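Scroll down for the structure; my scribbles are underneath it.
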Amino acid sequence: MEKKKVKNIFVEGPIAASFIADDIAKHSTKKNIGAHSIFLGQVRNDSINGQEVKAIEYTTYVDMALEKMTEIREEIFAKYPLTCMHIYHSLGSIKAGEICLFVFTSSERRRAATDACNEVVERIKNELPVWGKEIFTDNTHQWKENTI
Amino acid sequence: MEKKKVKNIFVEGPIAASFIADDIAKHSTKKNIGAHSIFLGQVRNDSINGQEVKAIEYTTYVDMALEKMTEIREEIFAKYPLTCMHIYHSLGSIKAGEICLFVFTSSERRRAATDACNEVVERIKNELPVWGKEIFTDNTHQWKENTI
Amino acid sequence: MNATIQIMAFGKVAEIIGSVNFTMQHIASTNLLKEYLLQLFPELSKVKFAMAVNKKLITTDTAIDVSANIALLPPFSGG
Amino acid sequence: MNATIQIMAFGKVAEIIGSVNFTMQHIASTNLLKEYLLQLFPELSKVKFAMAVNKKLITTDTAIDVSANIALLPPFSGG
């Protein structure tokens, strides 16, 4: 099998709304697109045992994560008639209220974009070797586990 | 039954990426949000009988549309645990490549936001009295009909 | 009889009728109104359209009150 | 024997081991490696973790080649 190009998805720090806007604006030249679906993950200030989460610190096993993401990307493009797909995941410390995940799918008709977006988010949460360390306001921490 | 406040959803002209960014940025103060789902409708340059769509002109029966939208909004909030929901639909002439629909749902956990977003888009397309007149490059036109 | 009803036409229906808003003599029910409009504008028979009475979509023959607002609604195509 | 393997630990596993990357003597299979690590770091028995060999998640006992890269992966929590 031909080796596919591995794209980076990781960005240091939170994902800015202006970055999202730039990415949306770039698609106005692709006039065969009829639908965009966007998922944004935002860090929540959950209360756990009386302590509030003030930030999540994300780390990854980058080589394995990008290989897995390349595989997911290929499978999603094979399954849905997408025009394009963009994925960004934060690393480092992301404060409550900040955005840590940005999944952006586009297609001619809406079903492909929305179904693909949902599936990619699901797969990112389940299959990418990424870990979130929840930092509480008193600077103690616990390791996050994704719930379904 | 108490009369609910009718919110406007209609904006004149296309929806700018910077407008979407501002709306996203406003949510960083709502720290109980964990997931945002966004749907964007973009005008496609479809080819129909050899003519290319260069724009869609949207008109509405505004009173009826806003009453219906208020009803949809209430039903969606009753069905899904959403933190908030924002909806904008363009009126007037929207060129191919420009954005004409912006649906934005937010929730603590991702399923509510994504399911609600999909359902609202579906209901907007099926239930709102809005009409799109497809303008071709030779300035002839045809009335759009939504396909499933 | 001076009783009137308000008619609003949209999309392709407005295009055929050549007018978006107009007032006409009172007609007692939506089926009768539709019949009347089809006589007046035979082109309308080529278009599917629904009707709303006072902003409510109707699906069966409905009585029309004096000074009701009637809307003629071709298939929706928003979004 | 000078054969070694590279171990990378992540998340809570790295915290317990106190080191993110380290080199150790070659061990023939993932089950044997896990046993060895649990002896060395008894705290690890309180954590669920999976292993990857050369970036591939393994689900059954797997032979470890000399100079393999092994990763110790607690439950993922990205997104």
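Each chain gets a letter, A, B, C and D, in the order it is written, and its residues are counted from 1.
Note that a residue touches a chain if its C-beta (ideal position, glycine included) is under 8 Å from a C-beta of that chain, and two chains touch if they have at least 3 such contacts.
The shown structure was predicted, so the numbers you read here are calculated from the model rather than taken from an experiment.
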Touching both chain A and chain C: give me those chains, sorted by label.
B
Just give me the whole-number Å value for how far the CA centre of chain B lies from that of chain C.
27
Take the average of all CA coordinates in chain C, do the same for chain D, and state the distance between these two points in whole angstrom.
74
Between chain D and chain B, distance of the C-alpha-averaged centres to the nearest whole Å:
49
Give, as an integer number of Å, the spacing between the C-alpha centres of chain B and chain A.
23
Pull out every residue in chain D that's touching 2 or more other chains.
none
Send over the residues of chain B in touch with two or more other chains.
41, 121
Pairs of chains, among all present, that meet the touch criterion:
A-B, A-D, B-C
State the interface residues of chain B toward chain A in the complex, per the touch definition above.
17-18, 20-22, 24-25, 27-45, 96-99, 106, 108-110, 114, 117-118, 121, 147
Given the complex, residues on chain C that touch chain B span 8, 10-12, 15, 52, 55, 71, 73-79
Chain B residues touching chain C - in the complex, by the definition given at the top:
41, 58-61, 63-64, 67, 89, 100-101, 121, 124-133, 143-146
